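Heads up, there are several structures right after this.
Both complexes shown next keep chain A, but they swap its partner, so chain B is in the first and chain C is in the second.
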Partner chain A sequence: MMWKMAFRNLFRNKRRTIATSAAVVAGFVGLTLLGGYIIYVEKGLKSHSVYLLNKGHISIFKKEGLQRYHTRPSLYQLTPDDRQSIQKVLVPFKSSIEWTGLAISGSGLISNGEKSVPFLAVGVDLESLNKSVNHPQVLKWARDFLTQDSLDFVSAIQKDPFSISITSRLGEMIQRKVPFKNLEPEKKNVQLAGMDIFGDLNAVDATLSVSFSTGSDMLEDSGLLAPFELLQNLYGTDGAQYLMIYLNNDLDVADLTNSINQVFQTQNLPFEAYPFNDPRISANYVGSMGFLYAMAGFFVFLICGAVALSIVNSLTMGILERTREIGTFRAIGYRPQQLSWLMTQESLWLSLICAVAGVIISFVIGTIVNSLNIKFSPPGISSEVQFALFVNFYLVLLIAFLFFVLIGFTSYFVTHYKLKMKIVDLLSDSGS
Partner chain B sequence: MEVELLKASDRLRGSLDSGLTWESEVTTIEDGESSTRKFKIRAAGVDANVEALEPARNKGEIYLFNDRTMWFFKPSLKKPVAISSRQKLSGQAAIGDIASTNYARDYTPVIEKTETLNGEKVYVLMLQAKANNLTYDKIRYWISDKSKRAIKAEFLTLQGLPFKKATLQYDNQITINGQKLDFVSRMEIVDAKYENNKSILQYRNPVLENHKKNLFQVNQLKR
Partner chain C sequence: MSLVQLKNVKKSYKLGETWVPALRGVNLEIRAGEFTSVIGASGSGKSTLLNLVGCLDLPTEGSIQIGGQEVTQMNELQQCSLRNEKIGFIFQSFNLVPVLNIWENIELPLLVKANLPLDQRNQRVQSVIQSVGLETFKHHRPDQLSGGQRQRVAIARALVTQPSLVLADEPTANLDSKTAHMILDLMAELNKTQNVTFLFCSHDEKLIGRVGRIVRIHDGLIVE
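Moving on, here comes the complex of A and B:
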């Protein structure tokens, strides 16, 4: 009965209801689209970091190896024995793990026989490389960072284990232009030089096969991707810098990292596990998401504030217009709480209608924006990325819940405060 | 005067127009770990050919110095790798330290002051790099007035703070045109911050020798 009355009351002042609804719908759509954009970026950056930057969901280093590997690789590398110990520790977690891989990174010089320029290299085992570039998460979320060359790199290594992939800018610095596959064999041959783990200069031959993008503008002058064994050869070691763990479900990352670290501690093993969202592992992911979350927090505050003020304004006007009616209700026995609840119900009806309209508008805008395939270059990102919105059911549900709570509480408190007047004052109100 | 002083001291470290051959044993001690490498150095004028002799894993590797350009080559490579002077810097003894002898060519000297060291009058020179691709930007260099020997050196950061210190000894001799000259026998390079980290370069068997020109040609290194 009360809900029905509350719904009918919405049509008593249609103009105000429409004005308030417009503010609420605009806020709802704004938050939904902002959330949709953040989800899209988060999933893209996560897939890029975990799979394409070869960090894995969890990476395991020798104790203090994350900080010190590059200064003392011989001391902080994972030897074959270390890797065996780690694999034993991982056995109980097997059901959560999709696969494990090995990586090594380092710096050095790439030379065309006449000129050398510095590189920052990552070497990844072939299986991880293959699974990463073809992973459904990458194909769905990180396509912007994936080129045909990235996909071709695996087959290039299978044909020639000396194949390397470098950024196009690094290629230009050694007078090699993309596509590298069109170069003459002589021009494809380059040398990689670096300090081995004994501190001696070492060098290996390599074959330029394809180009790739690091995803970061800062690293685009020096990025080099190589087979794991080739970098092992360059740095004169049979060790690895870190072991990557790829999970079936990335919701398990924090729990699994803690569990693995606990086993390391109880068994007194000198290893440390880090989740991909540790700023020391994925600075770009953590930094970008931190900025987006801070920006989102600011917008949520502004939008919620605007919606709450619209509701306060609408209800105050309604109470002023309906003072004598409220007095009559009170005179026939209605308690102030019941009247507060009636007016809150009116606001909740409004919220529901606005949520339905907001969902439809958000999905329409999201579909249009995504189909337009708008590309832009975010600061610090080396390639163009699509401006896309991922509006999903859970996001809509979360924002609708937020609006229901916000509008419900705002309405109840405003009306509860305003309806504390005496009945005689309410009935004698002139409406002015 | 400064330039003449520097040229004279360079001669005692191997900077001769005529060919010279010597062996160098480099012992590096870093964080308590010690390693030893041996090289054969053949130099003439601004060129030098440094061949790694030990350890076995490095045997056959060649560092070729053509003026200020260094090339690295090992038999398994198809082409040599060019390494600039700046990129030579590594460990306590940079590869550049092993064969770089020509400070008069690379640095502009200015006499800062004179000092008495072990009863000897020495000039303290500030050497400023002539090009920005040299191993060091600045070197403070102590040269004996009487013997023209470089006695010690401080390799300075851009801010002018020492990051490596070196001391030199001259127990070798070479004979040029019947005249006996002292030749460097030991150079100890110590990390200015962590003094236990150091490299000791021992120079052995210096002999005058005419080298074929192609010994210093990078094309000869290609496989």
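Moving on, here comes the complex of A and C:
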């Protein structure tokens, strides 16, 4: 009956309950949508970094290779023997791994025969290229980073192993406009020039096939994606810069990275594993998420403060009005803790009602916003991305729990003082 | 047999920097089954006396025993149990919970003890609701009842725990004289039929004829 009474008490002063509920619901909706947006951005950036930028969930470099590969590639590359040793280490972790791939990166000049401009290239094995662009996580969360024809790159390579993909801005710089498939055959031919790993000048022929986006405004003038073997030829090596590990479940990243590094250490192997969320691997992901988390923390603090103050205000008024009633409860034998629990039950009812209303409102707002397909260009991002709001089930549970705890504690502290009063003082209170 | 025993009970309240005595050494004994009224003018100390007997407040000095137990030595939990199990309260303003119906208001003291089975709870509420003649109103809210009916509910609530002592502070002050007499008659009847000990305070001299024992209080001292 106490729960029933607590529920009915909400309707004593309907106007105040509605005002408090509105504040709590607004807070709940705010946190739900803010959290949903951050989850959406996080998943998008993660999918972009892991799959489209070919970092993998974990990347394995030669020891110190992450920092020094570009200065001494011959020393810090992964040789075929190194890759074999790494694959042996990965055998016990096979059940967690979806696939592994190889990547090599470097710089050089791309030339159309008349004009040469610098590029920053990444060469990736065909399997990784194919699986990455078609990965469900990419199609669900990072579709904005895919260009119209980036899905055709693998089939272009299968037809012509010299096919390369460049950003549309790099294409414009060498006077080649997208879509490249519409170019005359001779205009598709370009030459890539670069220093091989021993410091000698080298060049290879390549064919412009499709365009892609790096996702980063800074890299969009120079981005080039190539088959792994083509860049190996350009840089005159059979080595790779790093080995990518793609996991079935990205929750395993930290544990698996630590485990792999432990095996490297115990077996005295000269390799290092890095998770995708290491700032040295994915600076954009880490920087963007750091900013978003800081912003979210600030808003959570503000919203929780506003909700707590609303509850304090509402409860204080409610308790003031019911001072004599509290005295009656105490007189007939109720302990202060029992009354405190009754007040908390009222607040929990309020939280529950507000949580349900908050979820419904969040869902409606999210659906409307998503259907409007609002596109915008975030700073530093090369492509337009959709402003989308998602209601995440686990996040809703977390926020509801947070609100229950917040409101429960607030109620407890507000009622605590009043319940410490002498019963005769409570009973003689006029309720003013 | 003595149910309530007060020995040299004093109570003072601090008003600003000065202590104002409300009771100045009260000695009183109430036997089980008595129907006692404390009569006195406003400010004479009768409500203070009832509050002390009801363990709603503690004396500045002196001893109060209820059912042989010294209440001044009890901790808060023991006092709560004593109030719940052995004492019933009837207030001048009825003090019913407006969001609960009559049945639920009467049931309220029984919910303090979580171990009382539901069927026993229902049986007790049914029994007292019948004894105060409000069975047909059990689903009504307090604001749907008259003043006299509300005080009957308060009486039922005081009796539902089967207490050995019922304290009533000016129970008829908010009622018209006819209803006040009806309420007193009901209390007197319950005293006779159920042997419940009643101690109530009033400033209304006209009620004296209906009471078994009268205790007069003046300036914090029992004078008669």
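General remarks:
Just so it is clear, the second predicted complex is superposed on the first by the 432 of 432 C-alpha atoms of A that agree within 3 Å, B and C clash if a C-alpha of one lies under 4 Å from a C-alpha of the other, contacts with A are read in each partner's own complex, and residues count from 1 in each chain.
Just so it is clear, a contact is a pair of C-beta atoms (placed from the backbone, for glycine too) under 8 Å apart; a residue touches a chain by one contact, two chains touch by 3 or more.
This structure is a prediction, so every number in the text was calculated from the model and none was measured.
With the C-alpha superposition on chain A as described, chain C and chain B fit side by side in the combined arrangement.
Contacts of A:116 after superposition on the shared chain: chain B is touched, whereas chain C is not.
In the superposed pair of complexes, A:189 makes contact with chain B only, with no contact to chain C.
In the superposed model, A:205 lies in contact with chain B only, and not with chain C.
With chain A as the corner point and C-alpha centres for all three chains, the angle toward chain B and chain C works out to 150 degrees, nearest 10. In the superposition on chain A, A:344 makes contact with neither chain B nor chain C. By the document's definition of touching, of the two partners only chain C reaches A:331; chain B does not. Least inter-chain distance for chain B and chain C in the combined superposition, rounded to the nearest angstrom, is 82, based on C-alpha atoms. Contacts of chain A with chain B, set against its contacts with chain C after fitting on chain A, share not one residue. Those residues of chain A that touch chain B in the complex are listed here as 72, 109, 111-116, 118, 189, 191, 193, 195, 198-205, 236. Those residues of chain A whose C-beta lies close enough to touch chain C in the complex are 1-2, 4-5, 8-9, 11-12, 324-325, 327-336, 338, 422-424, 427.
Taken together, the chain B residues at the contact with chain A in this complex read 28, 30-31, 35, 37, 57-58, 61, 63, 72-74, 76-84, 87, 90-91, 95, 222.
Of all residues in chain C, only 51, 54, 56-57, 76-77, 80-81, 83-85, 89, 91, 93, 95, 97-100, 104, 107-109, 111-112, 157, 161 touch chain A in the complex they form.
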